[in-house]
Amino acid sequence: MERRIGVYICHCGTNISGTVDVEKVTEFARGLDSVVVARDYKYMCSDPGQNLIKEDIKEHGLNRVVVASCSPRMHEPTFRRACQDAGLNQYLFEMANIREHCSWVHEDRAMATEKARALVSAAVRRVYYHEPLETKEVPVNPSVLVVGGGIAGIQAALEVADSEHRVYLVEKEPSIGGHMAQFDKTFPTLDCAACILTPKMTSVGQHPYIQLMTYSEVEDVSGYVGNFKVKIRKKARYIDEGKCTGCGRCQELCPVSVPSEFDCGLGKRKAIYIPSPYAVPNKAVIDPEKCSHLKGLAGGKDVCRLCQTGIEKKGIPGCEADAIDFSQNDEMVEIEVGNIIVATGFQQFDPSVIYQYGYGRYDNVITGLQFERISNASGPTGGEILTADGRRPESIAILHCVGSRDVNYHRYCSRVCCMYSLKYSHLLREKIPEAPVYQMYIDMRCAGSGYEEFYERLQEEGVNFIRGRAGEITNIAETPEEEGKLIVICEDTLIRRKRRIPVDMVILSCALEPRADADQIARIFSLSRKADGFFLEKHPKLDPVATMTDGVFVVGCCQSPKDIPDTVAQASAAASRALAMISKGRVEVEAATAVVDEEHCAGCKICVDLCPYKAISFDEEKKVSRINEAVCKGCGVCVAACPSGAITGRHFTTEQIMAEIEGVLV
Amino acid sequence: MEKMIRTDAFVNEIAALPGGEGVRLCIQCGTCTASCPNADRMEHTPSQLIAMARAGMRDEVLSSDAMWYCLSCYLCTVRCPRGIKQTDLMHALESLAVREGLSHGRTLTPAMYRSFNDFVYSLGSLPEFGFMTWFHLLTNPLRAFRLVPVMLKLLKRGRLSIRARRLTPQGTRQLRAVLDRAESLGGAR
Amino acid sequence: MSFEPKIVGILCNWCSYAGADLAGISRKKFSPNVRVVRVMCSGRVDPTFVLKAFEAGADGVIVCGCHPGECHYAEGNYKAARRIPLLKKMLAQLGIEDERVRLEWVSASEGDRFAAVVDEMTAQIRRLGPFSRNNGGGNG
Amino acid sequence: MKYYTYFPGCSSSEGGAKAYGWSARAISKVLDIELIELDDWNCCGSTPYSSIDELVSFCLSARNLALAEKRGLDLVTPCSSCYVSLNRTNSYLKEYPDIKARVDEALAAGDLEYHGTVRVRHLLDVLVNDIGYGEISSKVKRSLSGLKIAPYYGCQVVRPSPGFDHPEFPQSLDKLIACLGGEPVPFPLKSRCCGGSLIISEEALALDLIRKLLDCALSNGAECLVTVCPLCQTNLDVYQSRVNKRFKTSFNLPILFFTQLMGVAFGLGDEELGLKTCIVPAEEALAKYL
């Protein structure tokens, strides 16, 4: 069919015409093959500008349109719509970027004009090969998967469930609650973390629309926006959740005690245990690594089982609910959802790698999380601030930026440490007023509602703020008053002196870092990661919770370090994004997808493994690859890789790109 | 208040020195100072030198004694959260100070370094104890005297080299040629 | 008149093309010798594109993609990174100098970097001089 | 047999640390290492030169590197200061083209050229990584069991990183001592500074650092201390009496080169190890093993 191309060159006021001789370019365009009309206009994106195009499509029967103006990232949708309105398939349109890529970056008018011509000729040659494409719509499954049971996941799950849509909440630990459940108070308002979190945890546990799957992990995700298939491994708990009443007798009976994860190794738990006083679900779990019976079974021996049998001669019965089931195995569950909210959180930076801070060498150098547990009424010391050897510290130092803002570890600022350090200082001043508290900081970053005021409050409460990063912590005393102390050495940069501060306890305000398994998570959910290792959002400003995989959202600290308010806000945002899609009921999927020409497919399967979206399946009978267009994102990796050239990347066909290359070189 | 015309000239000069690249990145956290065994002896702390440099205080920085107390232990370098090569920067500042004739009087170190270099230049090799004695006699005969017992011990234990190791004549000639050319090419700035 | 190299820049849509846009938005000035062709992902770059460019009269080709780990399609840029060396081998056999083809990572926030890369590449090709199919090379 | 180009450095050749040179050669023989001394090498320039004129200091090292390059073997030195100076020159020539240009020009004046291919190693690195602990312990004739030893690395063998061991908490020497049967005592200051050449110009200041080191070693029960650097050995050994005088202390801690310690464990005699050159007599501490 004959090509009838219309070309429109935009002045963009003087943004383009200031550097590019627009008339010359228009003249040049007129001379190009298959071009039936070429015009220039002050503002092509304006209504009159768009109308020019619409009218010409009708009058001159245009079947291809080129607009040379700004970046397609700016106005491609605008002009596509214009074409659509005039009855021309939107994919029969092409744009030449002569502003961002030309008039704005070059000064020499002649050279800029020449380049503009090249770009226009490229667009014309390209559009010649454009084909009409149809965008498809698929229905949306109204169920939502939330991965991670911290405050982010809890919030997202509740918001979706409250709108009476099914939510599957998957948590790898035996209880939900995440890091927030370990905290004592929360800054800057100082309400107790448990007091504001546990009600939410309970309502998750009881919500008719939430199916809670703790001690479970997502192993595989296939499908596409609106229609994901998810494989989940429910790890063997060795407890019948239906029967367990959470009475806790089993953990009293269990003879094996090990360091408690929840108390960051400061307290102990048993091999059979309920993770925390306010665990949800409030059910026991058996640690197969530690349980002597399970380890015995592996060796064919039947030992212990005190939790089950109790101690008869003492007349202490075992589990009365008969909930303990050593025969349990992992089970695989498959669910279908339309949207996925990833809220896998962070992990605390391990400060032992910073040798000079002595974490792991000095008992009284502890991490922030450990302090949260020490200060927490439900913690190993019942909320009393005590050193490792049970003394009441006479002075405490808090070190900022441990693992953050450091090229040797993490370049980024973890954003919450200044604030939680202030919180620690407050708790310390409150619980041991006689003990001086020192905070060694580089910069105080207190941006947030009520944050600076909190800083001011702590200044009033008498905290010693020293502007300098600690160089090292030593126990080698140089003066009598340093004997038996930890000495923090830093420069007080405001008086330009090196100072040695003897203290009894040092709290390291550690960085928030991506979880060790972030890479695996990224692979399962087809997420990208930023240079700092956190998950990449679709747009840092305008689309902060969506990702490049439609229907998959990232919220909370897996996306970047942030405080609780921001986390909750993101969770709500993601929930409403999911709900929006659910209420619309269908989603449009990319039309510029790849398609296999089965005639030419050699069945080498190279493309199958290459596809980052698992969009390509292999038809074992016909021995050809097949692409699920709803899943394909049109990246074209398979197109370039196909040795027999059997795959076509729609709207980025080899033909089209070759033509464009020729074009830019005229 | 001290009137100061803000100027980038000096910080640019330093940033152009090998080792000085990082000065603009410094966040003045003081880790270098805190890690420095000699910071207490310094007229200005290591981080302060950078702050002064960025304030354009050229003469104050170059006539400071701070860098002359640097032991080249490199603790500051491996700990700097911004990856600044503080130790190298100290050496660069020393070289600059020397070139400007601003090297500091309060410490003997510059003088010691110089005579060290004279030794190396003329011998191509350094009999350290011989050099020590010579240097002390030169600068502070009293200390030389105090060191006599030490020297006797060294002698008794066969550690005082009477005869310094020499390069072959052609080796010496070659070394001289190289060093002379190097000096004619100016410092590493 | 002095030699003005013709360079084809094949940019991925998400990082590098956006980076080039940013250079424009911040009115960064750089040499006009690179003409941009947009692909969705540097992983789409087929070695034949590069050969085509030389055949059609290019003096150099530069391919830009997202930084490793930041690819919007998870890992397309790694595919590109693995292909380019192979391509260069091929070019060597055709007598096309290694330096005429270049792979660079430019993120959406690196407008300045894009400008710098373009200027570098242009200077580099200037040094090499025009690419002619008959100087033992090309696919003529 | 393993071959290396050997750069003894001033102290360990004709200087005050002859014993280091002797013992290094002696244990190398036992371990089938051939140390081929670099002909006509010159002083590395050390810190003083880089402080007065960096370019000249680079040229001092560059001449040695250029000579070594002709041999094409790794360049091994027992001196931490030489180790840093030579390495620093290597990396600067890579990093800074303008410096390389001028160094090349200077070298040319001596009909030399250097292409940056020489790998500079510290003797400790070679022994523990090329030879290995297993091989070393297999040569032990008199196990040093019961001997409490402070492993002292000093600064420049581990810094600036990246080196062959942790920049602040190195382990290689500890392990080496252990595989000789000795007991490495915990030594928190193991990689802290001995005062270096400032012992000459700022004695008081250096003595204070030395005191801290001796104090730390002793309080951790060390019967002797081993070093991997001539300057460290000198400061700790030769100036120990000065420390005692100044701080009214009574330190009497033998300071050995790690090569001497290895020699003892290998059953070599004093004439090869030069134990008698220690100012603080080592005989007593080592009596059991000699």
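Labels A, B, C and D are assigned to the chains in the order they are written; within every chain, residues are numbered from 1.
Just so we're on the same page, a contact is a pair of C-beta atoms (placed from the backbone, for glycine too) under 8 Å apart; a residue touches a chain by one contact, two chains touch by 3 or more.
Keep in mind the model is a prediction, meaning the values are calculated, not measured.
Novice: Where are there more C-beta contacts: B-D or A-D?
Specialist: If we tally the C-beta pairs in contact for B-D and A-D, the bigger total goes to B-D.
Novice: Take the average of all CA coordinates in chain B, do the same for chain D, and state the distance between these two points in whole angstrom.
Specialist: Each chain reduced to its C-alpha mean, chain B and chain D end up 21 Å apart.
Novice: When the centre of a chain is set as the mean of its C-alpha atoms, what distance in Å lies between chain C and chain D?
Specialist: That gives a centre separation of 50 Å.
Novice: Mind pulling the chain D residues that touch 2 or more other chains?
Specialist: Residue numbers touching two or more other chains: 168.
Novice: Quick check on chain B: which residues sit in contact with 2+ other chains?
Specialist: Answer for chain B, listing residues that touch two or more other chains: 75.
Novice: Spell out, as numbers or ranges, the residues of chain A touching 2 or more other chains.
Specialist: Residues 356 of chain A touch two or more partner chains.
Novice: Can you tell me, using the touch rule above, whether these chains form a line, ring, star, complete graph or other shape?
Specialist: Per interface graph, the chains form some other shape.
Novice: Pull out all the chain pairs that touch, please.
Specialist: A-B, A-C, A-D, B-D
Novice: What part of chain A is in contact with chain C in the complex they form?
Specialist: Within the complex, chain A touches chain C at residues 71-73, 97, 99-102, 104-108, 111-112, 114-115, 118-119, 122, 522, 526-531, 536, 548, 592, 610, 612-613, 633-637, 639-641, 649, 652, 654, 657-658, 660-662, 664-665.
Novice: How about chain A: which of its residues touch chain B in the complex?
Specialist: Those residues of chain A that touch chain B are 356, 401, 405-408, 442-443, 468-472, 489-493, 496-498.
Novice: Once bound in the complex, which stretches of chain D touch chain B?
Specialist: Chain D reaches chain B through residues 10-11, 13-19, 40, 42-43, 45-56, 58-60, 62-63, 84, 92, 95-96, 99, 102-103, 105-112, 155-156, 159-161, 167-168, 192-193, 195-198, 200-203, 205, 209, 234, 238-239, 241-242, 276-279.
Novice: Show which residues of chain C lie in contact with chain A when the two form their complex.
Specialist: For chain C paired with chain A, touching residues are 4, 6, 8, 14, 17-18, 20-21, 23-25, 27-30, 32, 35-41, 43-46, 48-49, 52-53, 56-58, 67, 69-76, 79, 83, 115.
Novice: Given the complex with chain D, which residues does chain A contribute to the contact?
Specialist: Checking each residue of chain A against chain D gives 355-356, 474, 476.
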